[in-house]
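Taking it in order: structure first as structure tokens, then the write-up.
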Amino acid sequence: MIPLSHIELEQDKHVLIAYLNRPSKANALNRGLWFELETLAKWVDENPKIRALVLAAKGKHFSSGIDFSLIQEMSTLFHSKPKGYRQEWLYHEIRKLQNAFTALEHCSKPILAAIHGSCIGGAIDLICACDMRYATEESRFCIKEIDLAIVADIGTIQRLPTIIGEGLAREYTMTAEVFSGSQAKDMKLVNRSYPSQQEMMEDVRRIAHTIASKSPLSIRNTKRTFVYGRDHSIQAGLEQVARLNAGILFSEDSTEVMTAMMQKRPPTFSDH
Amino acid sequence: MIPLSHIELEQDKHVLIAYLNRPSKANALNRGLWFELETLAKWVDENPKIRALVLAAKGKHFSSGIDFSLIQEMSTLFHSKPKGYRQEWLYHEIRKLQNAFTALEHCSKPILAAIHGSCIGGAIDLICACDMRYATEESRFCIKEIDLAIVADIGTIQRLPTIIGEGLAREYTMTAEVFSGSQAKDMKLVNRSYPSQQEMMEDVRRIAHTIASKSPLSIRNTKRTFVYGRDHSIQAGLEQVARLNAGILFSEDSTEVMTAMMQKRPPTFSDH
Amino acid sequence: MIPLSHIELEQDKHVLIAYLNRPSKANALNRGLWFELETLAKWVDENPKIRALVLAAKGKHFSSGIDFSLIQEMSTLFHSKPKGYRQEWLYHEIRKLQNAFTALEHCSKPILAAIHGSCIGGAIDLICACDMRYATEESRFCIKEIDLAIVADIGTIQRLPTIIGEGLAREYTMTAEVFSGSQAKDMKLVNRSYPSQQEMMEDVRRIAHTIASKSPLSIRNTKRTFVYGRDHSIQAGLEQVARLNAGILFSEDSTEVMTAMMQKRPPTFSDH
Amino acid sequence: MIPLSHIELEQDKHVLIAYLNRPSKANALNRGLWFELETLAKWVDENPKIRALVLAAKGKHFSSGIDFSLIQEMSTLFHSKPKGYRQEWLYHEIRKLQNAFTALEHCSKPILAAIHGSCIGGAIDLICACDMRYATEESRFCIKEIDLAIVADIGTIQRLPTIIGEGLAREYTMTAEVFSGSQAKDMKLVNRSYPSQQEMMEDVRRIAHTIASKSPLSIRNTKRTFVYGRDHSIQAGLEQVARLNAGILFSEDSTEVMTAMMQKRPPTFSDH
Amino acid sequence: MIPLSHIELEQDKHVLIAYLNRPSKANALNRGLWFELETLAKWVDENPKIRALVLAAKGKHFSSGIDFSLIQEMSTLFHSKPKGYRQEWLYHEIRKLQNAFTALEHCSKPILAAIHGSCIGGAIDLICACDMRYATEESRFCIKEIDLAIVADIGTIQRLPTIIGEGLAREYTMTAEVFSGSQAKDMKLVNRSYPSQQEMMEDVRRIAHTIASKSPLSIRNTKRTFVYGRDHSIQAGLEQVARLNAGILFSEDSTEVMTAMMQKRPPTFSDH
Amino acid sequence: MIPLSHIELEQDKHVLIAYLNRPSKANALNRGLWFELETLAKWVDENPKIRALVLAAKGKHFSSGIDFSLIQEMSTLFHSKPKGYRQEWLYHEIRKLQNAFTALEHCSKPILAAIHGSCIGGAIDLICACDMRYATEESRFCIKEIDLAIVADIGTIQRLPTIIGEGLAREYTMTAEVFSGSQAKDMKLVNRSYPSQQEMMEDVRRIAHTIASKSPLSIRNTKRTFVYGRDHSIQAGLEQVARLNAGILFSEDSTEVMTAMMQKRPPTFSDH
């Protein structure tokens, strides 16, 4: 298992549960935690034993968003540069922060975010880069950046409208108003909401195990096809999936499915 | 009327009702039925007597999706090719299957899918290529491909997120979980759900006839504008519709509307 | 204050309320009103005193849509041109009408539409170019163009599916069926619906004032980022916001936020 | 061999020479010849015996462009339609004419145009849809459409700038000035120019046979990659060719190349 | 005739010759001249009497590029803004400067630049926004921005590679090396080069009059099609020109062409 | 200096000369050399002491292209995978090979390729990812992939047409015909050609030093703007460079330029 300082890992057969683990700081995203998420995503992508990743949190809150230490560190470095060079430097710093979360999107294994307590600011950028989201009814969401005089720049503005539509996305981003897990369910930010954290974790595990029981080759290429499709025209998406499937359609996994069907047993897939 | 083997047609004034008609096979999409859908869509596009198409089904189910015979036939042909040539061949086969359903999207007459019983796998690709969808509350949907170790490749992954949003689209595609017509209504996959097939058919006919009572010139260019708009930027879409309307805005149909208004009668449009 | 004939303005601190003001004509959009909306949007964009714009209406209805006088005027001019030159002329006329509403989208201050009574045809194009929409439960919406044998060409077909999804957008555009403010809320066309116009106006003012209390630099660039993001891929959107934020991240506004936080008072931002 | 009325075919091993064959009409493109070009391109695409196509002409001229009979026929039909429906009809007619030449671009076998005498108007649209062009020094080119008060609409304006650059493309399209094969060579419209038709035909045959001696699988996918690449970003093009090559890289053709290399003989490829 | 301070106009039948006219300043582009170019382009676009525009210069040089007064003015204003607001302000200033030159591209009448003497920095951005360029052999070009520690930002980097290819464009932009009109001809930046200014002006007038003798409806839509085509895929360009031509193909201009042909006289077109 | 095994480095003030250094193998690109190019490009990007990179070669040839060992290794690994997983694996392998060369494009310092002897196959993909190319007249180029039954997949097909136009690019890619440095100059693949390697190296050094004498901030953002512009519409490119320049226009470098101008000395820029 990959050694991480701010994330606790629990392998549950083919499902990996990753817990944000800075509970004393409400899992604020400091530099360490931020980039460990990227490390984790890349490692999961390469590791054939893992077929689905659940992103959850230790302590009372999912995450309070970006840690002030990270903003302060950036501010200090920014002001240490010659004035004409600051924007170029800052552009690349922001790109690195963005790339860390985009790594979750590029990780070919589906990622399910399980949210309880508070999910604030940068944490919303984070969950928008996941494939699916689940929350306790009592959880509290806030797109907080505007209260810090910041344009949310790690993906919320880009990805949220494809999840909940343009209307509410703009309102909540511009008001920083708090909304609950139940409201998040109604607006489709999360797929399901639950009375308790325990019930949520059980159901999210169930969904993750369901996904992990499918052909891993097909699951990861399904995810890739969703990510590609969202950013391209219907025609371009159809061409891409036809090209992709031409390479993998009649695989060992499809043979196993047929055999299992005839033998009336669930299929089992090897780890590649 | 165009002769078709697997589809039964019923002309109801300017509305054509097309019933998938392999009830003994739960309307499984074999090669014949698959490509008759393309033939039908192209014929409807050219036929000025038809202003709206309802796609419904005979028997207990809308459709159980792709027929195994079609997969087996493709598998046999695939393995008969020299290895290095298989992927190129398969790419073009998948493109042909996709193009058949895309023909429904390119058909300039609106297509309303009316769904009862089961609607599985390839049948979901099919209804996503329609303009609007309606279902009985009891109907059952399943994005089944992943259970066959297949990446859904006929349009579901590309079109579904524009209908229901990214979150639920990814979950149901990766779990192959069954959901009902009522749930489909809640997630906006279908526009309306009904207690019975009869009530659904009556209401869908009513909607289709409403559409058929409008200027056919305007209806088909409205559809074209939706299809174009979905795949282009807002600005490109606005340019396209301005160019298009510059050609058809002050037509015989708009004169008829004005005349009818003054004569306090419903307008009637001729078939072009 | 900019002098306008068909729009009444009310400045409420940093919020501007603009009322469509042709109540005797149900606020039908004649040429004057149509292009005053563009003038208003550009003026608001340049005016640092205004941080949010509420678009509401005097009289019984929000707006009955395009005024017949405008269509007739266009028709007369169209038929006065040599035949071969008509389409080119009309294309540019439609582009001008589109550009007037697009000016609301390009105005960097958020625009909140508050709708009561009827909101018909061109008025739906108008509210789709706003950032957020609110309505009374009793209000009545109708995408009326098809009844005039017109393809809706001022933005509804392009923008509506990003707000409510493809399915319902196509149905209501093709049937011209009326729907209420409550239904508009359910389908996400409006963010919230209210029992009375007064309650709506109070709440929309509250939301607008909340937005106006935030860093104006960040609010307007948040809006720009939404508009850019909707029309570009996720990656392109992320690059744009990184480039944009590199220029404005450590601004006077962010300093004020920090100071205010330490002084336990709300931040106040100057007008630039 | 496919039967064609206006095109004469000569099979020379794996190379097909197609001669425009209306010499008494200077190979003017009437409806018959126009759509036979599409038929030919689709047949060549499907026929494994043909690996390269040379497009040349019988008589004194390559082609004088669109035949007046075709314009007159379109004009007559256009004016027979109700006014409001004319533009919609004409749009689709033009699209069909365009699609006929685009079929040459979509034909996976390389197409070499060999031009002598005059090459006028629609004939330039035609050769721009080919992969490479060759001409006699004395040949004469003219982008004639503007002299007929027509915007060139079959591909010249779209494809020419990618061949010769923006500057000269705009001048010659707007002046309809005549230029010679030698000038065409200088501006890169044709790859090579020749003192006589015989020398041209011999050299073009030689180039075509060179291409036909290569792996046909690789040649046709090279063409597809050029066509795709021209219309997409560098990154999108790289993704496409990686996906494509993942399916065909280690093919029977590459084995044959290796074997032939070791046996010091030219490789021979079978027809698939 | 529109009154301009820094540009001298000469109407020569349907051709307008506009001379940059700050000869004592080597036609340096100060704010006045810069935005008069935009005013001119928009006026030419609207004025049916003008069918082609020649852009030339009074004095010894075409133009020495941006005037220092303009840079200094921008610098002063920039530094007068609060720090966090400077980049936003400057972005919009640059956009306005760009838009002024883009107005030449959006002007539907062809613009021919006739260059003698020096053509430096911003003047190259200017001529790249024209349709065609001509120069004396002795003229001297220099993409000067890099010597002022500026990234060329008014269009050279975007438009030059479509005119001369990527290789030379990057070199001359990064070295600020001077090249002559003859070299500009070899690299295709200019279409033709001439021994003297007088010969150039005569030939450019001839070309402009040739263009002005064609159907003005077709000429301006040909230009629009080039501009659209350069920025879109081949398919999108073909759709656009089909839609456009559907509106204007059988115009009074095409009737006039036919009549003139039969009467063996040159066609004459009215001014619309 | 970064330690590399297959590349020899020579620092010449702000210019770095990197020599491909496997002369006994004609600088064939084995895995080591291939990925050292990526390492080098990323290191140069980060190293403020280097302002321009010259890519040249030791021994008789620039490079004979991909080393057979690399193809064999890929073939072995490919065949060791389960059949259904091979294409997915190979896709990612090709992407890694592509990304290595794309790193040269993403390196913000200009890269000048100096070519002598042979430049074959993969070496052409390599030089197309550089900014500018120079060659000896006697050098020999060959787009060799088709002779190995391979579709060129590392960038040649995507980038070459933007350098030399569509016509010749397709011919030379499909025939694998050899062409000389002089011909490469005529077709604009290389910017200049030279009688001897020594003269070439001297002149390329001169050009590189010229570039290195400019504002490094402006040079690297000029390169970025070219790369961005090539893949986006003119409008998108203009927006990007306006945003970028808003951050860096009035920098220390521009102050230094002004000061140096007044002091009549060349400007000197510090290393950031």
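Chains here go by letter, A, B, C, D, E and F, matching the order in which they are written, and residues are numbered from 1 within each.
The working rule: a contact is a pair of C-beta atoms (placed from the backbone, for glycine too) under 8 Å apart; a residue touches a chain by one contact, two chains touch by 3 or more.
Worth saying up front: this structure is predicted, and the values here are computed from it rather than measured.
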Request  = Determine the set of chains touching subunit D that also touch subunit F.
outcome  = A, E
Message = For subunit A versus subunit F, what separation do you get between their C-alpha means, in angstrom?
response = 36
Ask   = Between subunit A and subunit C, what is the separation of their C-alpha centroids in Å?
value = 33
Task = Compute the distance, rounded to whole Å, between the mean C-alpha positions of subunit A and subunit E.
result = 49
Remark   = subunit F residues touching 2+ other chains are 86-88, 91, 159, 165, 217, 221, 230, 243-244, 246-248, 250-251, 253-254
Request  = Let me know each pair of chains that touch one another.
outcome  = A-B, A-C, A-D, A-F, B-C, B-D, B-E, C-E, C-F, D-E, D-F, E-F
Query = Across the complex, what residues on subunit B touch subunit E?
reply = 239-240, 243-244, 246-247
Task = Can you check the complex and tell me which residues of subunit B touch subunit A?
result = 75, 78-79, 86-88, 90-91, 94-95, 98, 102, 105, 145-153, 155, 157-159, 161, 165-171, 173-177, 187, 230-232
Message = Could you list, by residue number, the parts of subunit B that touch subunit C in their complex?
response = 110, 131-133, 159, 162-165, 188-191, 207, 210-211, 214-215, 217-219, 221-223, 225-226, 229-230, 233-235, 237-239, 241-251, 253-254, 256-257, 267, 269
Remark   = Per the touch rule above, subunit C residues touching subunit E in the complex are 81-88, 91, 217, 221, 246-248, 250-254, 270, 272
